[in-house]
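Everything on this sheet refers to the single structure shown next.
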Amino acid sequence: MQELVNRAKELLADGTVSRVLGWKAGDMSYNPEPAYFNSAEELENFVYDGFCGANLSKYMIEASKLEGKTLVFLKPCDTYSFNQLIKEHRVDREKAYIIGVGCKGKLSVENIKAQGIKGIESIEGAGMNDGCDTLTIKTLYGDKTCSYNDAMLERCHVCKGKEHQISDEVMLESRDTKDAERFAQVEAIEAMTPEEKFAFFQKELSKCIRCNACRNVCPACSCRKCVFDSTKYDTAQKANVTSFEEKMFHIIRAFHVAGRCTDCGECSRVCPQGIPLHLFNRKFIKDIDTFYGEFQAGEDTESRGPLTNFTFDDVEPSIVGERG
Amino acid sequence: MQRVGVFVCHCGSNIAATVDVKKVVEMVSLEPGVVHAEDYQYMCSEAGQARIDAAIKEKGLTGIVVCSCSPRMHEATFRKAAERAGLNPYMVEIANIREHCSWIHKDMEEATKKAVVLARAAIAKVNLNAPLQPGESLVTKRALVIGGGIAGIQTAIDIADAGYEVDIVEKTPSIGGRMSQLDKTFPTLDCSACILTPKMVEAAAHEKITIYTYSEVDKVTGFVGDFTVDIRKKARSIDMNKCTGCGVCQEKCPSKKTPSEFNRGLNTRSAIYTPFAQAIPNVPVIDRDACIKFKTGKCGICEKVCQAGAIDYEQKDEIVTQKYGAIVVATGFDVIKVDQYEEYAYSQSKDVITSLELERIMNAAGPTKGHLERLSDGKHPKEMVFIQCVGSRCSDDKGKSYCSKICCMYTAKHAMLIRDKYPDVNVTVFYIDVRTPGKNFDEFYRRAVEDYGVNYIKGQVGKVAPQPDGSLLVQGVDLIDNKQILKKADMVVLAAAIEPEKDVRRIATMLTASIDTNNFLTESHAKLRPVESPTAGVFLSGVCQGPKDIPETVAQAGAAAVKAIGLLAKDKLLTNPCTAKADELMCNGCSTCANVCPYGAITYETKEINDHGIRETRRVASVNNALCQGCGACTVACPSGAMDLQGFSNRQILAEVDAICR
Amino acid sequence: MSECTCHDKYSLDTLVPQIGIITDIRQETPDVKTFRVNAPEGGKLFEHMPGQCAMVCVPGVGEAMFSITSSPTNKEYQEFSIKKCGVLTDCLHSLEVGDQITVRGPYGNNFPVDTELKGKDLLFVAGGIGLAPLRSVINYVIDNRADYGTVDILYGSRSADDLVQLKEIQEVWCKTEGVNVHLTIDREQEGWDGHVGFVPSYLKELEFANDKTVLVCGPPIMIKFVLQGLKELGFENEQIYTTFELRMKCGIGKCGRCNIGSKYVCKDGPVFRYDQVEELPNEY
Amino acid sequence: MYKIAKSNLPELYKAIAGSKELYLPLENAGQVNFGPWSEDCTPDIETLKSVKSPKDVFFPQSENLYTCQKEGKNIKIDPEKLKDQDFVVFGMKSCDVKGVEVLDKVFLADPIDTYYAARRDHGIIVAMACHEPEESCFCKVFGIDAADASSSIADVATWMIGEDLYWKPLTEKGEALTSELSGLLSSDGDENKVEEEKQAITAIINKLPYSDLSLEGWDGDHFEEKFNATNWEELYKPCLACGTCTFVCPTCQCYDIKDYNTGNGTQRYRCWDSCMYSDFTMMAHGNNRNSQMQRFRQRFMHKLVYFPTNNDGMYSCVGCGRCVEKCPASLNIVKVIKNFGGDK
Amino acid sequence: MSIENETFRPKIVAFCCNWCSYAGADLAGSSRLVYPADVKIIRVPCSCRVNPMFILRAFEKGADGVIMCGCHPGDCHYSTGNYYARRRMTLLFSMLDFIGVENGRTRVEWVSAAEGVKFSTTMNEFVEKITSLGPNVRLEDLRCRN
């Protein structure tokens, strides 16, 4: 991690960049926050470890409006988002100096707490130089351990790979974390009866409090004005008054990012109610792959997205019923 | 909210027999915004329209709903009526209670209920209508024809004859195109040059036609009626005004090793050359890649021998910028590369040739002065085999999926001409199907078989194997007799598929004209608008749109010309006001809408935006109303809803949905 | 109203509106109409004080806060002058006499007509639709003429056609003793022989004595320059009142929008004295 | 002091639900939130904090205010029925109880919000001490005692000790509820055990990382200094402008009033809103808090300066720590207080 | 709403493109080809104008079935609109299926201006299908129940 700080200081010092966008150590071991660093002194608070799950590419929309270049640290999966944002003209490549940072799987404190661990005072073993097999957790109620993999975010178990899609330089080693099939969860739901499917989503979505965290964190949801906020079209929604509105919001949100969603998993990471929101996006990704050929948003900055494209012999919508 | 008047038509008994029109009037009167409702026998009649007129004036109506027949029938009528009464015509909505209601339902109560719902939807919509004004744009009375083959020449002549200026841009040194390479034409067997040359001369001499040869379209901006085009006149190295076309330079040029493009590489040409004798303009160009002067700085013979002093080594590319109202694409075709078909041994044997090469061989001005001879040894062939569908109707990636359409006929022509001139030559044709749907086409083919004894075998050729004795062993199957065929041949002629000229994709991109996966330009409607591109003001002529023969090409060229003339004849264009419109405050500038626009109507500009006090420079979409046809693809592609369609806005459609579902 | 009685136990039902019936509509300018509203059974919907606002709503379309432009001294009805500028106001403009709307209020504080303004010489400065809230005070003052000193009304608009309440201005205000009306329009116009020029510059030309109490309402840019002008004439912040009614949302100080620092515009305002405004954080 | 074996709690719930609505922490799809008891629900009183605070029992995320129907030109208004039956909220923690006190300051201030007032009138709060406080808790900073709800507005205080739940009525309402449940509650709860538990909890609270935060300087007197501080410019940067913090918060009470067209009329409803949303303050005149910095500042200035200024020093934060746990960008009020020197 | 006692009559919204399907519906009308009055048509310029939000909105407000009709692929008046519409609807329908909405509540049919018969049979079939599925309860907004 120190090498990141050193490199950032160099780039600041030689004027390559005007500021650094990274993660700042939090007041607990597990809550670093995205932050700008404008000087070498500020960089003393820089941190990069297993808890730096936040995808910084969306912050680059604002950073692109600032004077000078911003040094941004992007994890492999974040680079897909950045590419997609370039494609949509939302970030300025020229305003970014990208250091691709390695990733050994990102952690969720929720997963640790789900194991009954509470009163966490400190967590050891999440650093980039650590072995990434066990986390040692000191709590108010005694010392605990937790396997690194068990504490990992869902997205890391189905990792797209640790290759950076765009960067000016790459630093730090990565670790392969994929140990599950990307579409297994989607397939499990597809195999359910309509009643089971309905019950599953009804239960999950009933937790939604419409805080919009999933939307606001999403690098694809970068609209200046979301249709659900806009009073212009009579489509605004502020709360889920009925279960319909939950469904409407999550379906349309997923639809609007279909073909643009890189599957970065931020929506599920930030949901305060632990709703597996990635399922919606991944369902679209799976359908797109099946119907229109494999497509990974953010692999490049040029190609047409599947929903702005077509072939003459695309499947008919009736395939949905025929599939059974 | 509008002050809405609702007019319910009886349509005699067409509506009134199944819909209780009085009840409809009563029910719609309660709807929000409705301040007037009435019914009448025939709303579309003059008396009916007068009632609308009167109500608009008396009640100060700002929105009209007519419950009547389909809007496809009388929407225009009622819009005009409203306009006469001083209302914007787009403040009229029609509830279709005849075709969609009274005519298909038997039960009066049910039909009446439905009529009320349909009327409600129309009222809900009209309440959100806004007056729309068709835009106007001026038309530049000049057309550009891209491509100087028979399609382009014909289009240009037709447009010019109608009195409009036309420019032809041709990338080779001469106009004439593929047709100039042909020897004879089917089914009449008249000489290609004999019918083409006069056309070329006519075009060149036409006072309204300007020809830019050895030139390319560099850049296109603008839109229907007002295109601005940069034409790059490539450096010819000859002063066209001075050159007399005497030809001495070509004779004296020491660099004579360049394969002749015109003769498909069957012989060579000099570095300074005119492609063929009848070239127009009859002014040579210097091929700078072949010219010794350009390569080494020495030589300069042509300059010395040119008495006119026309040689100009210093000449540079020149950009001509011109405005046009209409653009016709006539970029034509080429034949595919056949060396990828190793089984046909094209690259192994000089005696395996394409049909277009055969045209040159048979042409009196061609490499063999019109003598049919093997290119390997100059011997007269005795056995000739023609192989059809080389690269056409292919299911694999190597070839084209489509039928090239002209091959069946020209092969019949070749076979017949050979049998006629050289009765000693046996001609065998391997074919999949023989397609002869054209005037006198089948008769022509039958003559080849019946009168000239051409041997047609239904079946495919698996391999052409060059033999040590210089002959070619053709291995095929006869599907009718279901047997293997081994045939020794002296020459094999491949009917290679045709494909659009390579350049067309670049041109289509510049014009934002759609193009299909085979690189053929897409027509606006396959049946009803076959010569118009979906991009307004762009027309299609000839093979760039799809394979066709000369008569078809000329017919389409004329059709494209008429469409272009129809456009140029207008002083102004009224644009459909139901166009997309981007809300700058909401636009993300993401280009998603532009990606789905079939008309290239959406561009982006970077401008200062004041978003409720936040001042920012943003990239925002802007719709060119002259180009937008109002399909609405962009409105759904736009995630934020910044893009909306006037006349069919999100709010309007949602209001209709709400009204129907309540 | 429903048969349900559960609301009766609570004295103030602030979120449930009353039904109002439109009994008169006056087209003031091309885009301003004045609506007269009565309770369905006749009479006023509620009592209010000058400067207070009410939430006017067209069910299903929307609601917004408007200042009550009629004076409390009017015992028959309440009036709202409404400029057409959005979905709700468009809809209001399409209504006819006899149509019903819903109204809740009154909300907010009022101009201190019974305290600080009493006995003072008053100067009203209004621009465009900004006359609406001041009109309530002006008529109140005229109806209680003896309680106040001289009254100067400086009112300007873009054009002569954009002056609201022109009839009342000419027929009542101009004819009231001790009331001086100064009208101005932004640009020369045929048929206009009055003053031409922006309100702030006219203010300076008129050189009002700086012992008056000033009530200002109009577009922000006008207010900014009027304040400058008043300063130049020697007025103190403590003499100047304005109203922030456009920043009110729920009307009862709970929804969390209108607070400027610890003040709630809808409860502590909309009427503020400028020395109070100066103390507020710069978020207005 | 009463008590009941934890194993008997299902009986207790059933008994309460027999005559009243009962709201309690329920597990649903892996998360715990307060919800109405039903036969097939899964109560979870072991989890310390529900994701959402239980404020929605009194101030629902969305509630209908009235329905409006048009009949010709006439408008008919049907106000929504107010709460007129008693109900019980079981298992509220001290911080959440304090949160209700904060809401009272808003909704019961003149003009009274009748919908809220009716719920408060009929609500019976059964508070529960925090058996094992967590690192994100900082209620102590606001003078709240997680070990004992006795001094709050709760009607009953309870403690979970070992296999028993100790139960102490605090108010008349609480007494009445207790007597209704007398068949299930035994009156031999050992006060000493409760005292022990309180001490144990207090001991942990004193060890909590945030317990020493200082609120010095967060008052009306330092308003200008805080408002104009440059700290905000950096603090707000990671903020995503989502509403997570406000929606999980026990004291955030911003709302919006909206209309919904049902096809047969208009339902006017009130729903939570968030001051973090970019167009929250978009009103007739425009938007007076145009930047996220302003909105961010507003939220914390309101909780720590404006609210206490208007309410005799009562902060509009109860230290429940939900925002600490749930903020997607790991921002929270603690970081704000610390940034202004509160950890020294 | 007492569904048991009365025969269930579905509410069906049909989005028809102006150039083909709306004309097809007109032809069905002028040919007097009967289909149930439950179908109400909304005219849109092209199937690509149909936003998934419109479809969900219809369900929200109480529709029991939504059908979208457009020109046959390849025949779009705007040349490519229906290709986009086809992809959008395929994905939307698949998502509705995924969250447990009954199959068959949504449908896309390509109907040309000449296919009055197809329009009418399609509508008859669709109404029958929706009637057999019963009222839409999985995607309705309870407030709109009446």
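So that you can tell them apart, the chains are marked A, B, C, D and E in the order they are listed, and the count of residues begins at 1 in each.
Simple rule for what comes next: a contact is a pair of C-beta atoms (placed from the backbone, for glycine too) under 8 Å apart; a residue touches a chain by one contact, two chains touch by 3 or more.
In this text, all values refer to a predicted model and were calculated from it rather than measured experimentally.
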item: Least step count from chain A to chain C, where 1 means the two chains touch; value: 2
item: Any chain in contact with chain B as well as chain E; value: A, D
item: Chain separated most widely from chain B, comparing mean CA positions; value: D
item: Chain whose average C-alpha position is farthest from chain E's own; value: C
item: A-D compared against D-E, more contacting pairs; value: A-D
item: Chain C and chain E, separation of their C-alpha mean positions in angstrom; value: 51
item: Where chain B and chain D are represented by their mean Cα positions, the distance between them in whole Å; value: 68
item: Separation of mean Cα positions, chain E and chain A [Å, integer]; value: 36
item: Chain C-chain D separation of Cα centroids, rounded to whole Å; value: 39
item: Per-residue multi-chain contacts in chain E, two or more chains; value: 52-53, 61-62, 74, 80, 84, 88, 141, 143-144, 146
item: Residue list for chain A, restricted to those that touch at least two other chains; value: 227, 235, 241, 307-309, 311-312
item: In chain D, residues with contacts to at least two other chains; value: 70, 256, 260-264, 273
item: Those chain pairs that satisfy the touch definition; value: A-B, A-D, A-E, B-C, B-D, B-E, C-D, D-E
item: Chain E residues touching chain A - in the complex, by the definition given at the top; value: 52-53, 56, 59-60, 73-74, 80, 83-84, 86-104, 106-108, 138-143
item: Residues of chain A touching chain E in the complex; value: 186, 189-190, 192, 194-202, 227, 235, 241-242, 244-245, 247-248, 251-252, 254-255, 258, 280, 283-284, 287-288, 291-292, 306-312, 314-321
item: Complex contacts: residues of chain D adjacent to chain B; value: 70, 72, 261-264, 282, 286-287, 290-291
item: Complex contacts: residues of chain B adjacent to chain A; value: 517, 583, 585-592, 595-596, 604, 611, 616, 619, 637, 639-642, 644, 650-651, 654-655
item: Touching residues on chain B, where the partner in the complex is chain D; value: 30, 32, 612-614, 658, 661-662
